[in-house]
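Given below, in the form of structure tokens, are the structures.
Both of the next two complexes hold subunit A, though its partner changes from subunit B to subunit C.
And now, the complex of A and B:
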């Protein structure tokens, strides 16, 4: 009896996936594979912009990791009753709209003459996506037993050796999750680099917007979108593969 | 003079406060090289804190810790030549058994890592498990990996924090024997923290009985058992019958009391507990509850609850408890 009802239960999610994933991806792919799309797929400019975006996403991810790890570590070592409060502070910026925060950054950066530079774009992205790094890192650092770090030091590891040889491998799932959560949205970021980076920092997201809105070349925009989607899917697949092999803590 | 120091570990008047609680109270302790030394006491008596002070994870508020004739009070754990076996094993889950054991050797840039790891795994009888993940091992096996990981570095002393606490009885007895064998073979100083009096008595060369941050008594297991210097020690180590004679307090061990075969104090049997090799007979002597232990091979006969009989003991079996006993 239950089997008969299963299709009806599945209808909303399947419908949702069809309407918001399969059909849009199909449309984008179809557009990208027209002659104008293929021209964009093979143009140097497209790959230069995608390459730039990948570099910016990598730099932002590394900056977030370097800044986020110590923050997450400190939160995880706080007394339990303080942890939730400080985590709340980490996500507090989300209460203000991204655009509002970006405009705020503009007014901060302009007096220093840093607006409309690559620095401003990366700085803004770093600022916007740091919480996405801190949260998964925190969950994973919190699970590392202090005893393991003590055991490492007992066996002759300096505190920094204990960190690199025990804490880092054990928090690898959190590091991977945080990097994915920062890298993928930054790769397609549009508003922040547009507002802060100006004409100097044009990333794939800005170019896609340009193709669709002003250049009236949706096929080229679809082509670039397809490239970003493929990169994202490959990264996600790699991430889930690595997660499947590791069940450490 | 470059004589080997007389003591491997010296605890000189160590005080440790946590908050406003005094965990270690001006404690003095001297442990000889190659000795199997147990710290025995109830939970919260400070024995684990003392061990952590020796390992370097805890720093005394006053006093000093000496290792092999050197003051190591302010030396961080990674530069102290002692290794610890944790109660929860603390094995590295991301490393194989082999890499767990090799951890200390690799940090020390040892040259013959694989030979020494193999040797250490051999000591703990896990030679075939090197490539396994630690998470696939049983509790007893994990404990032996933790042991191998510590002894492979040939530390000056091995610190064991209730290493068998999480294991079942049969496994415990097996590992107790193995620990003793390992300690004899390596001639390494073992400092063994436990709250299990049987374990401390059966394994140690010397035992320190601790109570609320201080040492009550230090001695060989036999001294501790037969000549307890306080009622606390008498009660914590074995069963103690307290007897008052002429205002003084004596302790008589249950196995030193004879039942019925000769004239003595008249008592009433209130309970009989059969324990296999022996039987505990609980008797009432003028309102005081005394425990008598009889070997089941001695043919003392059968005692029934309510039965009237007599108890007696040799004067030598009476151990005076010094000082005020409450």
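And now, the complex of A and C:
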């Protein structure tokens, strides 16, 4: 079954992706490299907002990791018949409409006067993307043989040494995958910071929306989109390079 | 240690679900204000159902969801079938097919908006349908690929040996084996499209709003139990669709293939 040529059956899907993904991305890049676009690419405001988004994405990723690792560990050590059920419970809210979930958070945060703050924005992002962290963590924790942890402790490691020197290195692929899966969408988040963070928490996504919808400066918007795209591609490439055997398709 | 982990997990689950449950509870509240529960009513649901604007918006949402579901299922299944083969550039192609899952929604939404504007195509339901097909295709391809990996390639070769044409081998052997994944992928595509906000927001016209877009504009102005009722209804539909999709994906591959 060795076929050297590209199978004909790939032509329609690949053609579609060329027309509605590759070319549009090319058009955005071209727009970002016009003189107005370059002005935006070199402006302080652009990099301040991108930097802010990177910081928010990093904080959210760390919070998801800290909250999610114990959850994933707990699920992986549950009795087999409970495992899938609890995992399903963790993942289920992710499938609920993003706007509906954000609205639910608004109704909770508003009475406490927490709406339109950075706290609300980060909490909302954490809430939305936690399942993305737990799933890959669970997959890699489940593969860690309990015996190895026991062996480490038999050889005199304290529980915390066994965790940091055995469990963490063994689950590193899951940690990397979870961090990437949270970081990338948070970086480009738009609806959540817009609705929960209000005027206080403006991220790159909100600014792109502003450029296109009200400020009428599409070149600047295209420039910021290009920056987000480049960060995504660099992260994905680094991830795939480090994990040659892992693949999505 | 173990009980501490379980308490933490229960706490996180509470944080995940409490807002949704509170929102659903207040959709049955008589009072307009979400500060205290004054009495049970279905009035807010009645208002949602009686809202003729919402009916039109629901129609838009379903049109995009069904249209992109059909297109994405066909294209995504083709992609998965093609990527099974080994050929030069396979890694590049599989990366391309998976890309829409990776890039932030706003990047895909803005790229298509700029593209349609450059071609002077007015944004409408049709452009949103194209956008949804692009990201849905990737999800269908991933679901179907996972299924194809569990399938014994010898079954298809046996069909050829027994004289089947490629067309017959596909419809009589391969397709029945991957059908659960194809349907599961289709349901997933429908749900993702039904729920999408960011990409729709940038690729549809002002007159062609969808339900998530309507909620976005409603909640910016006010909070009302009517939005709670509408949101709760959407929540129930999405959860039902996802449960159905997962159930379908888990149907056995075939009796003899493992």
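By definition in this document, the second predicted complex is superposed on the first by the 236 of 249 C-alpha atoms of A that agree within 3 Å, B and C clash if a C-alpha of one lies under 4 Å from a C-alpha of the other, contacts with A are read in each partner's own complex, and residues count from 1 in each chain.
Basically, contacts are C-beta pairs under 8 Å (C-beta built on N, C-alpha and C of every residue); 3 or more make two chains touch, one makes a residue touch a chain.
From a predicted model like this one, the values you see are computed outputs, not experimental measurements.
Once the two complexes are laid over each other on the shared chain, residue contacts for A:7 go to subunit C alone; subunit B is not touched. In the superposed model, A:110 makes contact with subunit C only, not with subunit B. Contacts of A:150 after superposition: subunit B is touched, whereas subunit C is not reached. In the superposition on chain A, A:158 makes contact with subunit B only, not with subunit C.
In the superposition on chain A, A:136 makes contact with neither subunit B nor subunit C. Set against each other, subunit B and subunit C touch different numbers of residues in subunit A, with C touching more. By the touch criterion defined above, A:173 lies against neither subunit B nor subunit C after alignment on the C-alpha atoms of chain A.
Of the two partner chains, subunit C is the only one that A:98 touches; subunit B does not reach it. Comparing the two interfaces of subunit A, the one with subunit B and the one with subunit C have residues 159, 248-249 in common. Only residues 1-7, 9-10, 12-14, 16-17, 20-25, 27-28, 31, 67-68, 70-71, 73-75, 77, 86, 88-90, 92-93, 95-108, 110-111, 127, 130, 159, 184-185, 187-191, 195, 205, 208-209, 212, 218, 221-222, 225, 228-229, 232, 236, 240, 247-249 of subunit A touch subunit C when the two sit together in their complex.
For subunit A in complex with subunit B, the residues that touch the partner chain are 145, 147-148, 150-159, 161-162, 165-166, 169-170, 248-249.
On the subunit B side of its complex with subunit A, the touching residues are 55, 57, 76-79, 82-84, 86, 88, 90-94, 103-104, 107-108, 149-150, 153.
Remark: subunit C residues 1-2, 5-6, 8-9, 12-13, 15-20, 22-23, 26, 34-35, 74-76, 78-83, 85-89, 93-108, 110-115, 117-118, 130-131, 133-134, 137, 141-142, 145, 153, 191, 194-195, 197-198, 202, 212, 215-216, 219-220, 223, 227-228, 231, 234-235, 238-239, 242, 246 touch subunit A in the complex.
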